[in-house]
Each structure stands twice: as structure tokens, then as C-alpha cells.
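Multiple structures are listed underneath, in C-alpha cells.
Heads up, the next two complexes both have subunit A, just with different partners, subunit B and then subunit C.
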Partner chain A sequence: MFFRVMESSRLPDLVRGFAQDHEVIGPVAKDDRFVFATIDDPAELRLDYDTTLLPPKKLFFPAEDQLMRFRVADNEVLDDEVFAAPRVLFGVHPCDINALLLMDNIFLKDYVDPYYKARRDATLIVGISCVPSEECFCNAWGTDEAHWGFDIFLTDLGDRYFISVRSVKGAELLDDFVETREITDADTADFQRVTAERKEMFAEDLDTSQLPLLLDAKFDSPVWDALGERCLSCGACSMVCPTCYCFDVRDDLAPDQKTGTRSRLWDSCQFSEFSAVAHGQNFRDSRASRVKYRYYHKQWGYLSKFERVLCVGCGRCARACAANITPREVVSALAKGGFE
Partner chain B sequence: MTVANMFKEPGANPYRPWPARITSIIDLTEHEKLFELRIIDEKVREGFQFDSGQFVELSIFGVGEAPVSISSAPSKQGFIELCVRNAGDVTGALHAKKCGDVVGLRGPLGRGFPFAEMKGHDVLLVAGGLGIAPLKSLINHIHDDRHDFGTVTILYGARNPSEILFRYQFDMWKHRDDFNLILTVDEADESWSDEVGRVTALFDKIDIDPDNTYGAICGPPVMYRYVIDEMRKKDMDVDKIYMSFERRMKCGIGKCGHCGVGHQYACIDGPVFNYWEAMNLQEAI
Partner chain C sequence: MAPRVVVMGLASDFGCQVQMTNIEDDLLDVLGLIDLSYWQLASSGHMPAEYDVAIIEGAVTTTEHVELLKRVRATAGVVMVIGACAVTGGIPAMAGQGDLEERYGCVYGADGAEVACGRVSPAPVKSVIDVDYEVPGCPMDTTEFLRVLSRALQGLANRVPEEPMCAICKTKENICFLDKGEICLGLFTRTGCGARCVTLGRPCTGCRGLAKDANVESAMKILAAKGFDVDEVAERLAVFNTLEEAFCR
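Moving on, here comes the complex of A and B:
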């Protein structure tokens, strides 16, 4: 990987440069929280954000996504083209970069998903270093750092950014729009110091070492029943999760009933009908079984295929849960056999 | 190129169904019809090669999609048979269709029965109710290569005589000596001259060479445990007992997440699993 250094004051130049040929999307304030939104003025960017309400997945796998238009009479597809304009996603934290890599395993492998792929291919990723908040536990999965999955990554050294350059496109755009210089030993030393200081900021370590084993060995643990009692099956955890990819498919007819659209919508394994089949059979009809399945799939199902857990420790589900169920609590309760 | 691979080609859209024309509709029972479909695109039609136990996503625009196992044998070229119960929106819409109407298909999808591995062995097929649909594909496939198999035993149970599917075919097969076919119903009527009782009770009537027999099971979810118990009592190997699972599916290609069973997805890892695999899938049976 190549590295460059840029004075912090140059950042607006970089954003304005990107904006010449790209839609620039980055974190902006919304009430007292943050969201990823289109940036018109570099001053709107809030690179000091803790986390966003929704993760970047909404930009690649929208909450409602039209797949095709159809004609009813002969069951014919009229249009399934995907249009994705070039854009830069500016200021993505390591957890969310890693989350997109986990989504790639689902949408870009085996049966390639053309909708996700078109948007992924059209989007440059500019990563930014972050300061861990109370809910963060990315360090438990090793997703506290991003080693790939970005075009350039900015580590804030105070008066300057230490820039990791991953892609040709990233290198070119950097050269085109902003003045940078080669790194010195002092820059690298500061980079190491900042990285080490950040590691110290995480809350207490979460022991996940035996988790896949525990999920099977304690499959019938009363912990799940207790969580089922609290869970409201609202699905908020799935909606805000940067790695939850489940979807429903829905057909909508035009008013003339002759044509229509087929769309997919975010779905959640926490919804009661998620696993129901015809004749009233529902393979997960209790809230406990659904809460358990979410953890089982994330920490073992996905792992069994891709050797990574399907969680990046962003903490959004913990913030979103109306019943205050947090992964940190679930994981330690499972290990200990109960809640403290 | 097979259609299964065409689906995975760069630039292909695996969500886009292929138009297929309904060429025949046979009323099997009050609730089930057998649909014969012909994919309209010639290249796709000729590339549609599949294994028994695989399924398609049946697509009716304006209504939705439903996974349906293929009932015809892979050796039957050019046409695909689907045995469909009128049980939901999509299957209801299909039941309302007529010969010549066009519907959509995506597939073949999933992992079917290990036909090549089964060759050279005895086979014991156990079906309950609509579970005969995917097994009929396997039975017909075995039929086409009958000389490659040893003893072939078929146990098929339904609730009552009017719910026995493919009765015309089984009535003919009862007179053959190269298939050991036993039919049973829970509740008989005057017309019924076969067995009465659960399909598991038929295990007393059959001889199995446990070292040389593959099992294939499909039926309602409650049936599996009891049939597997009987097979295990006969000392059949856990990894030679195969079964097909029904789960909710939307995409059929391992993305929408609905068909999760244990740590796997029924659509791409199954729907056919052997018993060893199934034992390792939480909440599978």
C-alpha cells in the first residue's frame, strides 16, 4: 500500500475535487445524530461523527429497491436495467468499510446481484479514522481497522491526514485534486502513536473466543427465553445493521393492472412471518427462537461459509433496541449462562 | 452451457424469470394440479439440466414468486413438470391459469439428490402427501436407468385415497416386479384395497440391506423424525438417508435469508440434506 500526507486544511479541496465528477456522500448532522447524505458544501461534512443512524448499506442495497418492471399479460420483463451514477462515499469508518466487505460475500459471489454490483462499482470509498464510542465493540471481531475495501483512507493526525492509498482510482483523484507529500518517519511514528492511543479507548474487551461453539452447546439456554421475553420483534436491529441483508420481494401493479414493478424491501428475521410457509407452519414462531436465530446466523451461520462473523461491532443495534438488548450483553450472558 | 451456469454469468440477472408456457394441466386431486411447462427461449430450454430434488422459483408477475420442486425426471427434455398445491397467492394464481398461458421460471436451484452416488445401490423412497412431488422426479429418473439400481422400494402415504397423487402412474406400477411399491392412507374408503395406517408402519413389511441402501424422504415436517427412526432401526447409515426440506424462500439464490435452517440456507445448501447434515442443523427436524 502507498501512503501520502495531506495538511488538514486541504480537506475541502479534496471534497470539491471529487464533487466535479461525482456525487459526494458523507456524514452530516441530523438533529443530534448523523446520517449519510449528499454533500453540496464541504463545510457540511461532519468527520467528527460518532456513527450514523443508518449504515452505508442503504446506498448499495436501498430499503426499497425496484428490481424490474413487468407486463402481466405475457409475464414479460420490460426493464431490469440498473443505473448507478459515479459517486464518492466520503468519511466511512472502518466498521462500515468492513461491513461492506461482508455484504460483498453475499451479493458479489456465486449468483452476482446486478443491482448491488452496479452501485458498488460506481462508488469510491474514502475511509476515515474514528474515536470509539461506548457502544463500539469492533475490536472484538478485528473490524476496528480497515485494511482493504477503500480507495483511500484518512487517519487524522491532528494537523494533517495520514493517507493510505489502496486503488489506482484513489491515487489518481488524490493527485488531481489536492497537494500531498510523501510520508516521513515522523509521520509514520505519529500514525503508530495515534493508532495505539485509539486502541486504548475501547471499552472493556468482549470475549468472543468460544462463541460459535457456545451457540451450539448452549442452544437451549434459558438466556434465549429471557431475551425473547424482552424482544419486541420490531426488527430495528436488522434495519440499522450494516451487515443485515435479508429482504422481502413485492410486486406492485400499476393502476391499469397491465404492468407493474417488482421490488425488494429490507426484511428482518425478527418479524413473526419471516420463516412461515403455507398451511400455517412457522419454523420460528417464538420471539426467543427469532432472537436466537439472529445471533446464530451472524456468529455461526455466516462464519461457517465465509470464515468471518456477520457483525462489525458498530453498536447501532444496541442504540436502536427499544428493549435495550445489546450484543455485548447477549454474548456475555451466553458465556456465563445467565444475566448479571 | 447449462442454465444453472447461465444464471451465474457476469451481467446475468438471476432475479429475472424466463417466460415459460403452460403446455398441459392435469387435475390430480381437489387441491393439486400437475403443470407441464415449456420454456419459450430455445437456448434456455435446451440448457435446462437439473437433478431430481432441485426446485424452481415460479414467478407470476403481479402476484409474486414461490419455490416449487420439479416433479419430472431430468431425463425428460424440453418440458418441466410441477406438482402444485393451491395453498397461497402464487400457487393460487397458477391454479387459475390455462393451457397456453405464460408464467415465469427461475432455476434450476438448490442441491438435489445425489443420483450418481445412489447408482449401484438399493433405494428406499418414503413420501408423505405432497412430498411425493420431488420424489416422483427421482423415481422416474431411477426408472429410466433402472438397470443401474438394485431393489427399489417406494412407500407412499396420504391422508385418504382422494389425496393420493399420481395415482394413474402408481396403479400401473403396482403390477411391476422391479418396483416394490406400497401405498397407504390414514383413512380408507370402499375403493381402497391397499394399506391403511401411517407410512412408518410399512417398515414391518419391507426388507432392507442396510449396507447397500440409500434413503430418500420427503413429506410434511412432522413426518421426518418418525421415518428416520424406522430407517435407523433398520441400521441404515446416517449419511445415506437423504431428505428434502421445505422452507420459506424469496430469492432461491442464497441472499434473501428467509430459508435459513441452522447455519445453512435451504435454497443453496439444500433443499436436500443427508441425515448427518440435518443432525448438525439446529431446528431442522
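Moving on, here comes the complex of A and C:
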């Protein structure tokens, strides 16, 4: 990794430069919230966004994705190629960069998912520093900083950006489109100051140090029953989660019944059907057990396999849950043995 | 031999049969697969004595309907109900709450109750006969109709989504109406329409019926805690779901 400095006024040039050979996708306003969308004009970019309604996972693992078509008569697969045009995902927060790395463990390791891989390979990631909002708790998992998983990362120093350059491609594009300069000691000092100031902005620190142990000990805690009574089983938490990767697969026949499409759709462990098996059996029949296993999967199961929890503290689930069930509340209720 | 299909309407505005005509892009493909023996909206003929699939719109409101449904069930191998009236009792079911006699009088005059002899309290088709396939909604969604029809033709089991609307609504990046201070029935309503109304800018009206997974008690508490008038929520729910609790759980 090496570092450069760019004047803030150059940002539109950088975006326009990327747009020459890439689709540029970044945060834009949607009413009083934000979404990742195609950027036609650099002025649309809202790098001051707090968070987006959906995380960047929608761009790699879409909510509904046609995997292939097939012919009914002979079961022939008609088209299953993935067309991924080159694109730049501009303005990704550290939590979401870290979330994509956690998704990579699932989609790119033991079984490589060609659909995810093609889109991932075709996408450059430009990170952007952020200011923690009330719901953020990325600091609890150490996902408040991104050390890899991006091509370049822009830290806002006010009048200029401190740019961390991670990839050759990122370096080349940066060189092609904007004027940057070497960093000075003053730049580094400002970078350190901004980083330290940001760390101070997080709300109270969530103590997650003993979480796996706590989960082991609290399997039968009444906290789960209380959460089960509140949970609406709506699955909003899973949809907005940058690390939830479960999906359902559905075949649909065309009206003439001669061909069909196979699609995969985001699923949620909070739906009763998710854990339903043959003969009408359901091994997670109660809401309480479903809420519980969401936490055991994210904070225990994934951890035991990949040495990271499957949560980056982005706070989207906390915002999306009408019942106001938040990881912060759940973890502290477990530690205290109940709700306040 | 292509399955012989009849399409009939009970108490409804025939909107779902009109929806069938709105499938114009695919209608010829569909008609190529079936032998459409009777379509109440589009034909002036009579129901044949024998058929394989009965597609039924509308709520049960008369003893004549009850008898007809029993005959249909005895004749058809497959019964498919379409639209809120047939699936949940829909809007007609609201009339059954309170004094039905008086309501008939209101609409049809002093001897109204007598004229409407053989009336029954409006109810969904499933209250009278077993139903094999359901296409909920007011009106039904044409894409879903084709998907369910396809399942019926292929002999696959009915697959009614059990979860509430919120998940699919989140995937559309809609801003939650509850956050904007507006009542939305998505928390209660079974998914499957792609959260169409909310995506088009209107709150969910609950026309698809209660989701089996919905946590009605908690949802009511949450809406009350958010400052919504729960009586109004219940009133809005009743438009399509008067009888849902009884049949859903």
C-alpha cells in the first residue's frame, strides 16, 4: 500500500475519469435516506451519507437473481453465463468493505459462486471515511477500519483527501485521471488526528470480549423468549444485513410451460418456512428459536469457522427492525441476564 | 388431453376475471395449454357438466353459492380461488359483521332481506370447500396467477408465502411508511406481490390476507408504542381481513 494526497476539488474529475470505462455506482439521496445507485453526474454523489438502505451486497448477490434458463422437454440449460460489466463502487464505508470480505469467505472459498465472483472481479472498490452515527457499533468488532478489500480508500481531511492505494489497478486509474501528490508529514499528522477524532465519536462501547462464552452459557436464557415475543418474523434484519447470505432457489415456468427460469432470492432465517423440512416438520418452529439462531450463527457459528463474527456493526438492522431489536441490546441483555 | 377449465364468479366485482384479460401478452400461450370450457365474464353459455379445473372468484354470500361450490368440488379435480373476496372473504366479509338483515334493508329497501333469500354471512370459498390453489390480492396479480396456474398444471403443491411483506419491501429500498408516521399493514400481510403498493408510494392495505408468520399481537403493541391509533389499524385491517384470524390460525 502507498499513499497520495488529492485536493477535494478534484473529486468530480476522478468520478468522471472512472466513468469513461466503468459504470460508477455510489451513494445518492432517496428522500431523507441513501441508496447505492448509478452515478450519471458527480454532483449526485453524496459522500456525506450516513448509511444506505441496502448494503453493497445487492450489487454482487442481487435480491433476485436469474441463474439460468432451462428447456423443460430435455432439461437442457439454455443460458447460465454471467455478464458483469466493469464498474466502480465509489464511496464504500469501512464496515461495508469488511462485510464484503466476510461474504467472500462464503462465495469465493470452498465452493466458488460464479455469479458472485464475476461481479466481484469486475468491480473496483473506492472506500470513503465516515462519521459514526448513533446506530453504528463497528468499533465493537474492529470493523471500523478497512485495511484491505478496496482498490483505493479516501480519508476526508477537509480540504483534501488522504488516499490509501491498495491495488495496481487503483493506482493506475488514479494516475490516469487526477493530479495527486506525495504525502507530507503534515498530511500524515492530519490523517492521524482525523482518525483519532473519529474513534472518539462512537457511542458507548459495546463489550463483546466474552461473547462466544456468553452465548455458550446463555443458550436457555429467558432473554430469547422475550425477544421471540417481540420479533415480527418479518425478515427485514436479514434483507438489510451486509453479511446475511442465505437464499432460496425457485423455478418458474414460462406461460407456455416449455421453458423456465431458475432464480435465487434472498431468504431469512426468521421465516418459519426457512427451517421447514419434509413431512411438515420444523426444527425452529418458534420465533424465539429463530431469533436465537440468527445470533448464534452470526456471533458464534461463523466465528468458529472463520475467526470473525458475521456482523460489521453497520446498524442497518437496528434501523430496519420495527420491533427495535438491535444487536447492541441483545448482547447487553445477555450479559446482564435481562432487559433494562 | 388439455385440462378442461371453468372460470366462475361468486360475490365480487369480477375485477380478477378482468385481470385475466389483462394477461394479453401471455393469454394465447395459456389458452394453448387448456380447454377453456366456460368463462363467466366472457361467455354467455352455460357451465358444462364436467371439467377438471375450477377457477373461482368472489365471496360466498348465498346458499346458492354454497350448493354450487359443493357441486364444483365434487366435479373438479382442482379448485383454484382467485382474489381477496374468494381467498379471505375480502371486502364482502365486512358486511357480515353486525346486523346483516339491517344491512340488506339499507341497500335493497324494506323487503330487501326477503328478496335476498338464501343469503349467508359473506365468507371465503375455503369456509365451504377444500381449496387447492390460492391467488390472493385485490385484484390478483397477473404474474402470480400465471405462476400458480403453472403449478396447478404441473401438479405441484400450492405454495403460499407465509412471511409478512417487510422483507421484500426492504429489497426494493422503500422508505418505511411507519418511519414516516403513516400506517402500513405490511407487518401483517402475506408477501408475494413484491410490495407493489409501497413501491408505488402507497401503504400496504393488507389485501393479500394475514401472513401465517405475522406476529399480530407484537405488531399492534409496536404500532401503539410508535403512537399510531390501534383502533384505526384494526379498522384498516378489517377491510380485507375480517375473517382471517378465524381461518388463518
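Convention: the second predicted complex is superposed on the first by the 340 of 340 C-alpha atoms of A that agree within 3 Å, B and C clash if a C-alpha of one lies under 4 Å from a C-alpha of the other, contacts with A are read in each partner's own complex, and residues count from 1 in each chain.
FYI, contacts are C-beta pairs under 8 Å (C-beta built on N, C-alpha and C of every residue); 3 or more make two chains touch, one makes a residue touch a chain.
Values in this document were obtained by computation on a predicted structure and should not be read as measured data.
When the shared chain is aligned, subunit B comes close enough to touch A:289, but subunit C does not. Once chain A of one complex is fitted onto chain A of the other, the partner contacts of A:281 are limited to subunit B, with no touch recorded for subunit C.
Counting the residues of subunit A that each partner touches, subunit B and subunit C differ, and the larger count belongs to B. In the overlay built on the shared chain, the residue A:336 is in contact with neither subunit B nor subunit C. Touch criterion met: A:64 reaches subunit C, while subunit B stays clear of it. In the superposed pair of complexes, A:253 makes contact with subunit B and with subunit C alike. In the superposition on chain A, A:233 contacts subunit C only, with no contact to subunit B.
When the shared chain is aligned, no partner comes close enough to touch A:199: not subunit B, not subunit C.
By the touch criterion defined above, A:320 lies against subunit C but remains apart from subunit B after alignment on the C-alpha atoms of chain A. Across the superposed pair, subunit B and subunit C both touch subunit A at residues 253, 257. Looking at the complex, you find that subunit A touches subunit C at residues 30-33, 35, 53-54, 58, 63-64, 229-236, 238-240, 252-257, 266, 268, 270-273, 287, 320, 322-324.
Partner subunit B is touched in their complex by these residues of subunit A: 67-68, 70-72, 74-77, 80, 106-107, 110-114, 216, 219, 245-251, 253, 257, 260, 262, 264, 267, 269, 274-279, 281, 283-284, 289, 293, 296-297, 300-301, 303-304.
Listing the residues of subunit B that touch subunit A in their complex gives 7-8, 10-17, 19, 59-65, 85, 87-88, 91, 102-104, 221, 246-248, 250-251, 253-258, 260-264, 268, 282-283. Remark: subunit C residues 23, 26, 29-30, 32-33, 146-147, 150, 153-154, 161-167, 169-171, 173, 175-176, 178, 186-187, 212-215, 218-219, 222 touch subunit A in the complex.
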